[in-house]
Amino acid sequence: MNAVFELLSTGHNLLLFTVGLPVIFAFAVWAAGKKDILRTAVTAVAGIVNLIFGCALYFAKAEIADTVKMTGFGLDIDILTDEFSALFIFLTAAAFSVIGIYCSAWLNSKKYAGLFMFYLFISLAMINGAFMCDSLGAMLFFWEGLLCTLFGMLLINNRENYKSAVKALTLSGIADLLMMLGIIITAYIGGSSNMSGLSGLEVKGAGIAGFACLMLGALGKSGCMPFHSWIPEAAGSAPAAFMAAFPGALEKLLGIYLGVRVMTQIYSVESGSAASIAVMTLGAVTLVCAVAMALIQKDMKKLLSYHAVSQVGYMVLGLGSALPVGIAGALFHMLNNVIYKSALFMIAGFMEKKLGTTDLRSFSGLFKKMPVTAVCFTVCGFSIAGVPGFNGFFSKELIFDAALESHCKLNYLFYALALVGAFMTAVSFLKMGRGAFSGKEQLPEKVKTADEKGLLLKLPIIVMSALCVVFGIFNSVAVDGWFACATGAEEKLGGWPHSALLVIISVCVLLLALADHIYGCKKTGKPINAADHIHYAPVLKQIYSAAEKGRFDPYNWINGIAQGFSFVCVKIEQGVSFVYDRAIPGIVKKTGDMLHRSDNGSLSRYLAGVLLGVAVAAVILLSKVL
Amino acid sequence: MNMEFAFLLAGVLLILAGCFCLIRTYHLLKIIIGMELSMKAVTLLFVIAGRINGNMELSQAFIITIIVIEVVITLVASGVALDLYKKYGNLDVRNLRNLRG
Amino acid sequence: MNMLNLTVHAMLALPLVVLAANNLLAKQTARKIALYVCAAVAFFQIASSVTLFVMYTRYGITHYDFNIFDPGQVSADYFSVNRLDLFLMVCIGIVVFVSVMLALETIKDHKRSYVNLLMCLLLGMNGMVMATDLFSLYVFLEIVGITSFVMIAMFRSKVGLEGSFKYLVVSSLGIVLLLSGLALIFMQTGTLDFKAIGESLLDTQDSSRRALTYSAVVLMISGFAVKAGAVPFHSWLPDAHQSADTAVSVLLSGIVIKIAGIYGLIVVLDLFGSLEAVRIIYQVIGLVSTITGAVLAARQHHFKRIAAYSSVSQMGYIILALSSGTTLGVVGAAAHIFSHAIFKSTLFSNAAAIHEEVGVLDVTKLGGLEKKMPITAFSSVIAFLSTAGVPPFCGFWSKLLIVIALWKSGDTVWAGAALAASIFTAVYFLRLQRKVFFGKLADGMQDVREAKNSIGFIEAALTAVTVGAGLLFPFALQYLQTAGII
Amino acid sequence: MENIIIYVSLAALLVCGVLAVMLRSIIKDAICLAAASAALAIIMYTLGAPWAALFEVSVCAGLITVIFISGISLSHDTKAEVRREYDDKRRMGVLPVVLVVAGIVMIGAGAAIHFEMPVAQRLVQDFREVFWNSRQADIWGQIIVMLTGGTAISVLIKEEKKKS
């Protein structure tokens, strides 16, 4: 390990091995293309190599600070890997080594396999680069690079229908734009564009704008509202491997990384301050709204993708509390989420591969056919629902704790919202799990039999599920060991939750969810429809139908609740789109037309153009000289 | 109003006349005549330049080179014009509108 | 020193020898080997220029002066080679090489004349960059011009003759402007030697002299701008480049406009750079060209015409770089000359490939060629990425240098404008790519094959250069820094 | 005396030049151009540039006119008339007005800046030495220009191959 660390310890080498090497591997997998075994082997090797570097970087526990000269014009990249960023590089490498294999295996016999893996590796390079950069500008470069690969991966599956890819590009692009703005403001008020040079800025005056922009940019990357709406849409068309890798794991890591940096290092946010409350509100809203949407989904991938958004809400809620316990909770929840969410997406992808669909209405009772999958699903489902003993439970308890302890008057409200979220999560997973695996066996129409062959697909799922249990038992390793560098907490936060009352309330909520589920099953007769009574409840029905139509989707600029506001928004949007769709292209087109007409092949006009140029040059010179 | 200024004036006016010819005429050969006229004006400018700076011998060297090049350009231009005549049957510059955006 | 002397002489004399041999040899023999000999000459130029460049840096030579034949008593030297000249000569060599490679496939008749003219053109361009005197510059400029006219008209098609004639007339007007400028300068100094002109012209307080100098500056800039094809002097350019044979177009678009136009503008900047108005004229011309060229390129239907308008736009970039007036700006301009030479050559090679294999170059009639011509499509995409300034291709670095040069010289607004103008580049090239290479295969193109021998080879080679130069560019910059150039 | 010759020749040059643009017959245009060349040659000679004058007379007034005349006759326009569709008086009629206006503007500008260029002492040199010794780049260039011209003639003027 130490030898590897020595190798990495200069900036050049660090960049070369953590950014350059994945790029080289990217070309290798691209070259491997449709040769499935070769591609998977290369992926595995690359994952392991990357993991070795990640481990060396993290477990050596030493900082690397260096400046890499790219060109001679101040475009140097300042590298700083402290313990925190090394941790993230390590976590990313670990997650990637598992998910990468799954992706490669999942892509077997797909036409675009090579290109997809190419993008995936480039993304890894970009993410590693973003973690290492000290200068915010260079980080932004890598961050934008990720946007490009994201676009490419979304586009890859269906070139004809690029709507969702464009939506993702637009939303992520806006988030990145905000972040760019935030970086500029922050660098301006902090007097430095390096993260190490910025610390403890106050959130006031221009700082408010800087903080808000940076946070929105960072959290928007991880899928927080209001930049979330591309994820469910992408779930419909993008490859499942993409969902497991990006919204499931990598983007969460990147977004939360920067979020924590901003909250704890660049800006000093007191618990109970307006900034803290704003972030918590964002988290709570994301959490409840997204899970409410998840509740009514009948498609596995879509349901999971709404959960991917909702879980970010928990993280943001914990992060926003600005308390050590909250930040530890957020980070731990992020780690858990990477584990179980990617596992769940992988399961969805696996089932899609076997059954040809992920629509829960078309199959049920698959426990006998796919026992391992079902067990893994149960474990992950328990984790995400927060069943005591699994890893999700511990991180959620930390976040509940943080929500209650935050020094603001709304703390009970936040706690209540978090509980509502937990309730709905449990309900939706009960619905999904029981709908898919229990009851009478039924297969989609065109599928004759189902099995669960495919070791390389199953293995990552099993590993991830096992990790759910492992981190449940040894949660203090992560909470008190790994994340201590970020939280700065003195007391131990790991182990069994301190407050028995909170645990009891959580368990009650879970039981309530179970009761609700059973009630729903009784009412409709099918587990899959267990949530329908919520869906079609008097007031909720209208809200849901509006939400289904995309009324709450910020992408559509429509706020369903306030009609007037929505009207104004629509008008603004129309105005904006008029400017973009009509006015600017119109002006460009008119100018082009004019220029085009002047290019009519007449020699006289050519010569007149020359004389005009002479006259213009003369006028410019005269105006300067006289 | 000295002699040098008169020369400059005449030179500029001749260049203008040449440009005018280039732009206004429809006849390919006349376009070439316009070019020649402009070149005459330039030669005139070099003559007066040589007179003003006293380095008339260098000026002569320049002028001779310019004249040689001018002949070659005229040759090429008339060659192209004649080829165009063979293609179109007349020497109208308005034929030359095939190339356009 | 002997080798240096020999090499620089060879660059001015070798083309002439080839020309003579080409005409003296029996027609059959000449047909067979002449093009290969031309390729060898181009290769010699590339190799020796690179060697000399390294040697200059190594031994700290800034320039080398020489004469063709010993004049006897006069001490002056009439040719001079510095590092910028060598760099430009590398570009010249590359593009001539590409042209020969294309000519192997595209030119069937007039091979002998093509070789003659190519050698004259090569000599003219070498002479231009080596000249030490504005008048010699003009003479070699005319050689470049005349050979271009003849090369365009050579195949005597309707469009070829038309393009040639238009180019000839517009360029004559440019020459008239340039020469009047020279006359006005000569009037005051009694010489046209670069070194002797210098600053003396701008220092004087005499209003008549100043009026003459200012007029001369405007006239010279206009004259060179005509040759460079900057807006609004550009209109001949698309016509000429579209109508010529592709092997000729690649010369015109790839290098002639830069040597004849941009190099002249560099000289003017050298001589009169301290006049602020010069920089402002460059800025205006540059920006207007960049945008207008791109806007117009987006509306054309002919593959080569799109490429030609793209040249207008890129020339605007280079002029914008010069407008910074600093050494860094000139380095940026030179770098962009290089990368533009590479990617424009690639695009014209694609055009040649499509023309040879498909027969039409109208983009509305093409489509889906990606499946049939993978190498062509791939090289075209790489060239596009380089043009649009996507890292890590060499176009990115040269654009970056330009933006930095503008930024450092305090023209932040222009730097921003230069960045924004990149978007336009992306627009017209995306359109081109989509229409030609992607989408549905157009009718009647089922039997299209990949480009033949030398065209395919040159496409692949140019793509390799684009990628390689892009990857090695940081090292090149460091090299330049250690060499003390920037 | 010299001055009178120069001014008269200058006037002749200007008038011939304008006539070369304005006359409606292309052959007359060519002849006017030759006359302008001759006037220019006289100016050159009077100002002390005999070699240039020689070239101007022999090449510009002679060779170029020959090229034009042969070009005109090759284009089978036997009447050598600029045809009606090419030209009419109105198109060229504006020229004198333009020139007069431009002349007045220039004279005004010249007067405004008190234009005056003192004539320097003429250097005593031999033209042949200057030309052959100090302009060798130009000579080299001229050689190539002539070669190009030769190639141009061989390419452009020779008959096209019969189409098979």
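To keep things simple, chains are lettered A, B, C and D as they appear, and every chain counts its residues starting from 1.
Just so it is clear, contacts are C-beta pairs under 8 Å (C-beta built on N, C-alpha and C of every residue); 3 or more make two chains touch, one makes a residue touch a chain.
Owing to the predicted nature of the structure, the values given are computational and were not obtained by experimental measurement.
Chain A and chain D, compared by their mean Cα positions, are separated by 75 Å.
Per-chain Cα centroids separate chain B from chain C by 26 Å. Centres computed as Cα averages put chain A at a distance of 47 Å from chain C.
Chain B and chain D, compared by their mean Cα positions, are separated by 6 Å. Within chain A, the positions touching two or more other chains are listed as 596, 599, 601, 603, 607. Across the assembly, chain D contributes residues 115-117, 120, 134-135, 138, 141-142, 145, 148-149, 152, 156 that each touch 2 or more other chains.
Within chain C, the positions touching two or more other chains are listed as 135, 139, 142, 146, 149-150, 153, 156, 165-166, 169, 173, 187-188, 190, 238-239, 296, 299.
The touch graph of the protein chains shown belongs to none of the named shapes.
Chain pairs that touch one another are A-B, A-C, B-C, B-D, C-D.
The part of chain C that touches chain B in the complex is made up of residues 135, 139, 142, 146, 149-150, 153, 156, 158-159, 161-166, 168-169, 172-173, 176, 179-180, 183-184, 186-191, 238-239, 242-243, 296, 299-300, 305. Remark: chain C residues 165-166, 169-170, 173-174, 177, 210, 214-215, 217-219, 221-222, 225-226, 230-236, 238-239, 276-277, 280-281, 284-285, 292, 295-296, 298-299, 397, 400, 404, 408, 474, 477-478, 481, 486 touch chain A in the complex.
Residues 596, 599-604, 607-608, 611 of chain A are the ones touching chain B in the complex. Residues 69-73, 588, 591-592, 595-596, 599, 601, 603, 605-607, 609-610, 612-614, 616-618, 620-625 of chain A touch chain C in their complex. Considering their complex, residues 19, 22-24, 31, 93-94, 96-101 of chain B touch chain A.
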